[in-house]
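Should a chain be cited, it is by its letter among A, B and C, assigned in written order, with residues numbered from 1 in that chain.
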Amino acid sequence: MITLASDFGSPYPAAMKGVLSSRTDVRLVDISHDLPRGDVRTSAFWLRETLPYFPPATHLVVVDPGVGTDRRAIVVRAGDHVLVGPDNGVLLPAARRLAGLEETGSSDGSNLGTTSDDGALEETLSNDDGSLEAFAVDESGLETPVPSGHHEATGSTTFHGRDVFAPAAAAVETRNGPLETLPWLSRLTGPVDCRLPVADVSEPIAVAGEVLAVDDFGNVITNVPGDVLEEARNVRVNGDRVPVGETFATVAPGEQVALVGSHGYVEFDVNDGRGDDAFGLAVGDEFVLERVPPVDE
Amino acid sequence: MITLASDFGSPYPAAMKGVLSSRTDVRLVDISHDLPRGDVRTSAFWLRETLPYFPPATHLVVVDPGVGTDRRAIVVRAGDHVLVGPDNGVLLPAARRLAGLEETGSSDGSNLGTTSDDGALEETLSNDDGSLEAFAVDESGLETPVPSGHHEATGSTTFHGRDVFAPAAAAVETRNGPLETLPWLSRLTGPVDCRLPVADVSEPIAVAGEVLAVDDFGNVITNVPGDVLEEARNVRVNGDRVPVGETFATVAPGEQVALVGSHGYVEFDVNDGRGDDAFGLAVGDEFVLERVPPVDE
Amino acid sequence: MITLASDFGSPYPAAMKGVLSSRTDVRLVDISHDLPRGDVRTSAFWLRETLPYFPPATHLVVVDPGVGTDRRAIVVRAGDHVLVGPDNGVLLPAARRLAGLEETGSSDGSNLGTTSDDGALEETLSNDDGSLEAFAVDESGLETPVPSGHHEATGSTTFHGRDVFAPAAAAVETRNGPLETLPWLSRLTGPVDCRLPVADVSEPIAVAGEVLAVDDFGNVITNVPGDVLEEARNVRVNGDRVPVGETFATVAPGEQVALVGSHGYVEFDVNDGRGDDAFGLAVGDEFVLERVPPVDE
């Protein structure tokens, strides 16, 4: 199985599906082609939360604001899964999760890769069991697509999803043997990383959190582990009191609620409405979450 | 085959596909993930008009504004099809159609379920041939997904599509034997129903109709059976004269037309434009449709 | 394999998938259902640039502003591929490309069909090798869908994707033998054509170009062959100087750039922004592209 994820909208994903279909009959499953455009971190979040529900597969990911530059194409083995995409960090949070090196809402115990802030490649892969390994792609070793009606390949500098990543994903999926046997892959010790911020919950009264994503419903997904809400009946979000609920319908339609979302994090939502509008929060915004002591209720 | 329909947009449907793919290799077909958000009645309309074109399948439907409340998860057998989703009525119009208990534009001859208006569960299933039966899901009997990298299941109160309905649909699709053999299903005599309004056409001159849906083209789909337009050359819609046409191109681009749409109902459209804007009609709006006598033309 | 392309948005494509799934188990692949609504020429461009990446397949295309009129349904054999759709030209550019009769950015050497401007059917197919042939569909020879719960077929005048083209595509895909053996097909010598304009590059200093498409990123895709940019460091677009780049990141975020896009044509883009807004260009707009002599730089 090959899954496809991108920020392409329509119709560019179809060209990738064409290339893949030309080379393998395995099932193709769309994750999304509406990942936030050019937003590596938020896309990485969605992939981390979605790909682990799939059986072992090759995951083709193209959120690639650096297309055509000298950023590498990489392949990452993560447990029984393989990810293919640009070396900009978008694959790493999902890869760590798939390799069992990171738990939901926990502080991050992995040491693969470097931060995307400095772009340095200083750290090395050191997980002993080989569950997580990165490889650089030698693009010259890939078979560039030759579309019908053309006499030669039409590689581009702007559409590596079609011309580089899809050929790589097809070759990975159809390989015989381990990734190491693919001659166009070489071990890479320091892929560019992307670290999703983890909220500091050591101070139990007031937690400094950050918005990781806003979903299509307008639900504000934070980086605050859900257990912060345990036994709380109310919280303050940037000073405003908000009830804690089990689910959206804990409050009346149009009312705000804080709850533990399906990713295990605190979410700020509105029943039958948009939490991002009501809370005035967008991706990357920081906020302070305070538990309201029961005595004050 | 499992079909998927939801109001999730992107990327939540992918998690459902992951769960399904982990449990069965059957084909997955997306109906739509852009059903009108939280709008049970309009979603029910689209499902009723779309699912009958499929071969026998398991249809996973998640339009679920009551997620996390005590509303039940249900499974409905409808002829050779099975529907899985929330007990809020969204499955019932399609189920009746699939079971052969309702014809296009006819008054409704079925007696499954109760109305969604009062939420009562008074009526019982009484179709003699067993073509339509509802079952309540005991969620504790389902295998909650354990994503890769997690040590235990991560059931949620806000994403039953992933944690309840997808597991139920996979188990239904891969069952051996009739639904009755699934130990986590129990017969349910009064699922919450959703009745699409039927226009009263007993008064042939002026019909009081209601808008059932507006499609992506802006076409206004009503609940008035198409045969009302038979032999009419013009109608009045809320007093304004509109020509009756065979198809959009009966009128010039930008002009209004009343026609029998692909669902068998009267539609108010604009050739190469949006009918909802031109007619000033939205879902749920009522209107009066009058046939203009030929003598007045 | 059957691919599906339309301007339907959601949920109408699902009814087509239902009809197809009822008749064949072959893989269904969505090209896009967000082709520009009712825009035959731009849709034809996208199909020409996308379908050649697929292996031999049946391509179902429904961009059909003339639905319900007497425009024909056609089937086109193009090399190893078959296209099914309305006789409005939308299939022809892709068909020529798939048949090997047109190269990227070259002037068009094919003589299939007539122009869509006059709608005449004067020319005949004359490619000697039979790689490109058109057939008219006798709709009465198709099996109109009968949805579950209906006693008879529900053909419509407004949804030929479901009622005509999907049945035709399923029959084409499941045929035994050449297209000529299908009794409901008859040779058609002059299908309506759609010619994408080709820029005149005989004057190397100033090229009069036209915008063929704007993609979801806002990139402005023109009809000027990419080799016009060879060795150029700057160009003028309608008088304004714009740097020529290898890829988006040649310029700083927010800056304009002219480059050779993934289709082989000159594109006007903005790094991390929308080229259509920055250049003030939309589909169909004409512009003058001048090479800036190095001496002037």
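As a convention for this text, contacts are C-beta pairs under 8 Å (C-beta built on N, C-alpha and C of every residue); 3 or more make two chains touch, one makes a residue touch a chain.
A quick note: this is a predicted structure, and the numbers were derived from the prediction, not measured.
Between chain B and chain C, two chains of identical sequence, the interface residue sets overlap only in part, with shared numbers making up under half of the total. Its C-alpha atoms superposed on chain B, chain A is turned by 120 degrees; the angle is given in steps of 5.
Annotation: 33 Å between the Cα-based centres of chain B and chain C. In chain A, there is no position where the chain touches two or more neighbouring chains simultaneously. Residue ranges on chain B touching chain C, taken from their complex, read 1, 3, 5, 27, 29-35, 46, 49-55, 79-81, 96-104, 215-217, 246-249, 259-262, 264, 267, 269, 272.
If you check the complex, the residues on chain B that touch chain A are 8-12, 14-15, 17-19, 21-22, 25, 28, 37-38, 65-69, 145, 147-151, 154, 156-159, 162-163.
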